[in-house]
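Provided herewith is a single structure, encoded as structure tokens, for subsequent inquiry.
By letter and in written order, the chains are A, B, C and D; residue numbering begins at 1 in each of them.
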Amino acid sequence: MTQQEVLQEYLLRLADSDMILGQRLSELTGKAPAVEEELAVMNVALDLVGQARNWYEYAAELINDGRDADKLVFLRDAHEYRNLLMVEQPNDDYAVTMARQFFFDVWHYFTLKSLVNASDERVATIAAKAVKEATYHLRRSSEWVKRMGDGTEESHRRIQDAFNLLWRFTGELITPDEVDHAMFKAGIGPDPEQIKQDWFGMVREVAAQATLTVGEEDAWMYMGGKRGEHTEHLGHILAVMQFLPRAYPDATTW
Amino acid sequence: MTQQEVLQEYLLRLADSDMILGQRLSELTGKAPAVEEELAVMNVALDLVGQARNWYEYAAELINDGRDADKLVFLRDAHEYRNLLMVEQPNDDYAVTMARQFFFDVWHYFTLKSLVNASDERVATIAAKAVKEATYHLRRSSEWVKRMGDGTEESHRRIQDAFNLLWRFTGELITPDEVDHAMFKAGIGPDPEQIKQDWFGMVREVAAQATLTVGEEDAWMYMGGKRGEHTEHLGHILAVMQFLPRAYPDATTW
Amino acid sequence: MSPEERDFQEKVDAETKIEAKNWMPDGYRKTLIRQISQHAHSEIVGMLPEGNWVTRAPTLKRKLQLMAKIQDEAGHGLYLYSAMETLGADRDEEIQKLHDGKAKYSSIFNYPTLNWADMGAVGWLVDGAAIVNQVVLQRTSYGPYSRAMVRICKEESFHQRQGYQILLDMMREGTQEQKDMVQDAINRLWWPALMMFGPHDDESPNSQQSMVWKIKRKSNDELRQMFIDQTIPQLEFLGCTVPDPDLKWNEERGHYDFGDINWKEFYDVLKGNGPCNRERIATRKKAIDDGAWVREAAVAYAAKQKQRADKAA
Amino acid sequence: MSPEERDFQEKVDAETKIEAKNWMPDGYRKTLIRQISQHAHSEIVGMLPEGNWVTRAPTLKRKLQLMAKIQDEAGHGLYLYSAMETLGADRDEEIQKLHDGKAKYSSIFNYPTLNWADMGAVGWLVDGAAIVNQVVLQRTSYGPYSRAMVRICKEESFHQRQGYQILLDMMREGTQEQKDMVQDAINRLWWPALMMFGPHDDESPNSQQSMVWKIKRKSNDELRQMFIDQTIPQLEFLGCTVPDPDLKWNEERGHYDFGDINWKEFYDVLKGNGPCNRERIATRKKAIDDGAWVREAAVAYAAKQKQRADKAA
């Protein structure tokens, strides 16, 4: 891969992860546990899809094969998606929704914080705006993890179950592959070792405050999203999300 | 509408209703309440999709615009589908699955029984094969309605709730519109008045044996499927069902 | 009339806003609670027909717009529940009434959204009809409600323009299939939108008192006519039609004439016999029931945190 | 050796089938129950990865084929549970063990099905590997199991040919995207298919006794080699490759050589750490738990019917 191809790949990972998590959250419309949460969930979803659009637009410019941001979203099949497996997991109960959000937010926050200093100016600019949103997302999901963990017996059980259920998808967040290494070397991506430390530091701290236990660092981890090998969920997400552009290929405006 | 257009419309109603119910049942793969039911559910689904294919093939010949049976299934959007609203309702619990099947089977059985004598030979031939399958379907769903209705307290409550939930979709089965009337006049479709009597007769008889009450004949009814105005469910069914042919429009063979 | 009542009515007549701490007749309070809670419920239930398409929005731009609109609606729900609570009503109790089928919400949300153009038509027609009501309600006599309306109206107007733009873009630059979606959406939503203004004035027994109290400021039929008069030119600009053969400009009246509303359908839907009544309520009820443990956790955590803070202090 | 034991072993050695009513060693019974129940569980769990695509099958023909295949698998599950019950085991108890993670099923079903070509590759490779096992099991010493295998083998061969045909049609007449799906499916499923034959013979401690009892008739490594030898020519005919750089024909051995299996992955998946272990078991457990009231209703109804019949008589 050329340096630019690596960057394209990396941008798609950021974009696709934002997009798919935004999509999952939007499935909750009218189904959140309180009106305040309707507002908050949609707010986070909106931020994420907005960030996704920024990353897609930059990726589309680099890819430069005639596809715009919309085409990247609506006309790629599952194996072409590069999102983390974590974000495609179903909403399940609100503990799973929130644990998924929290694990992601910690990764997202530290990643964006580092990308603010990227040698690539466009990346730095997008990240600078995004990190403000991600800071709020992380504060919110951390608070909820603590409320659930240190709330009632039932909420403690549920959020602990959710942590256990999703733990196997955390490895992918902090295990670098050749793209991550290359992006770090290029002065764009974060230091993988630092991300890992920061991620564990924050997760363990919040979990401790929430009276929750976290899984082992060397537990078996399910990975593959970053190279396009997903869980069975993604295909179903895309079937819904992409229906209109695929069903009406001649439509150029909506 | 010409006589042939009426027939096309009528064939699509039969085909689409079979197809969508078959699709709903196939969603239950690996999720039925017993291994015997896995077998039975898939058996019914297979019969229905097989019947749908026969109706689609005949419809495609008449429509004669280059679309074959597959194109009719996989490239029409919701407003072009002509299935009964009943069959697109979600599986929900097994009582709803079975009540839906029973209400449909009674209609299906009497309709096919009449179509065996259609003046259109092709219709009569397809119906002759289908009615044998539908006879078994009806026997099975009637038995289950009785088992549930006259089984335990819980099963009685569930199947009664399912009857109440789905009652508003029964009106469409037995309320004729201009197509139904025209088909009867043409010597193809059943006598709408007779279908209504037979349907009520059978439903009331089985319900009585099952110790269940049925809704009022003049209750408010939700209709529209036969003219392409569906519930919100159908769009989601089609998004999944049609994904591959729409995502890979250049593929001519699968 | 008691002295308080007289004083109250004089204030209302003088267009002085009634505030939460002011004395008010019981009937006024009850009517307002009913009306504001219905309005709040409508914002929340109204998210569901949009939720049906937010996962299928066809472009990033449209998806972001729809998400923002849904977020605004949740916000409106919150303001309105707050305005209602200034009257001493309890949010949870009022929501319980909704789930028990005892409280109403706008019947329009009992109709399904069946194609993407519905997202445009809902914005244009449904938000449009709501605005006609709400613009007048900005001058309603109860202060907190009036102020909530000012804020809500601004956002609703934005939604309405956005909805209209969706339709306009499809009519101007869309394929035939897209144009058909637009017409189909209008065909399905036109009459239900007209029903949003409620029954004819002579069938609307509580309206008279509400007018005196200036909770209501124009009659159902007046508002409906205003809506039609402002909407038909927009319809013509789209190049679409409404499913009403009797609709035509009446030079003499200076208004559009229009056909009879199917009041049987109106009352059917009101009684629960609309296409989606069951599903809408079931979805809302499930959300709140399934979310009980989440809300309880938040309360328990807050209590623990307070206890800890108290101990530390 | 007791006289019964000697008698039993003589029968086995003489290729006389053991029947349910015959005396048999406890270990033989237990081994068979474990093996047949695992086989039955595999048929049922194996429906799930196919269920993931049956709703998305791209043509009527392929949908009908896949539905028929799933139906057959439910049927195989039933025969096998019945064969197992002839040994005195209880179906519900064995299923409970599956849901508690105490009973195994074929690990291959813990891998996800990620594109349509997986429906071909599962048929060709997974059913293909199963058949290699099962053809030998037709001669297994326990009569009911042996007879079930005869029936099952016929249908499995049909599924295998159908699966291969799916891949062949896509490779011959498909677009580049479809061809890529086929190769991708093979890349993902090849090694897991080889793992279906179990650990190396020297790591398979129970195999020895099973061979003596003729429950097993060939060793894991022998079966795996048979499978590879018959599959590679088919692979070449497809025009595809397997993700094994060490794979090549060994003229001297008269067999294909192949690379090392990732045994860590094998044991990980066996321990529950496969991609879909949790989901598969959770889905099956939910089906049976949610269906409890249905099964209870059937029992209650049958009891009432019997009572009525008895009274009438």
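Quick note on the criterion: contacts are C-beta pairs under 8 Å (C-beta built on N, C-alpha and C of every residue); 3 or more make two chains touch, one makes a residue touch a chain.
By chain, UniProt protein names: A, B = Phenylacetate-CoA oxygenase subunit PaaC.
Predicted, not measured: the structure shown is a model, and the values here were computed from it.
Asker: Just to be sure I understand the contacts, which chains border both chain C and chain A?
Answerer: Correct list: B.
Asker: Of the chain pairs B-C and B-D, which one is connected by the greater count of C-beta contacts?
Answerer: Between the chain pairs B-C and B-D, B-D carries more contacts.
Asker: How many angstrom lie between the centres of chain C and chain D, each centre taken as the mean Cα position?
Answerer: 57
Asker: Need the CA-centroid distance for the pair chain B / chain D, whole Å please.
Answerer: Their C-alpha centroids are separated by 35 Å.
Asker: Quick one: chain A and chain B, Cα centre-to-centre, how many Å?
Answerer: 42
Asker: Show the residues in chain C shared as contacts by 2 or more other chains, in ascending order.
Answerer: Touching at least two other chains: 56.
Asker: Where in chain A do residues touch at least two different other chains?
Answerer: 77, 235, 239-240, 243
Asker: In graph terms, with chains as vertices and touches as edges, which category applies: line, ring, star, complete, or other?
Answerer: If you draw each chain as a dot and join those that touch, the picture is no line, ring, star or complete graph.
Asker: What are all the touching pairs of chains?
Answerer: Taking the chains two at a time, the touching pairs are A-B, A-C, A-D, B-C, B-D.
Asker: Under the definition above, what is the set of chain D residues touching chain B in their complex?
Answerer: Touching chain B: residues 44-45, 47-48, 50-51, 54-60, 62-64, 67-68, 70-71, 74-75, 77-78, 81, 116, 166, 169-170, 172-175, 177-178, 283-284, 286-288, 290-302, 304 of chain D.
Asker: Okay, in this complex, where on chain A does chain B touch?
Answerer: 77, 235-236, 238-240, 242-243, 246-247, 249
Asker: Inside the complex, what are the residues of chain B that reach chain D?
Answerer: Chain B reaches chain D through residues 22-23, 26-27, 29-39, 42-43, 45-46, 49-50, 52-53, 56, 69-70, 73-74, 93-94, 146-148, 150-152, 154-155, 158, 240-241, 243-245, 248, 250-254.
Asker: Can you name the residues of chain B that touch chain C in the complex?
Answerer: Touch list, chain B to chain C: 77-79, 165, 168, 220, 222, 229-232, 235, 239.
Asker: Please name which positions on chain C make contact with chain B in the complex.
Answerer: Those in contact with chain B are residues 52, 56, 112-115, 184, 188, 268, 273, 275-276, 278-279.
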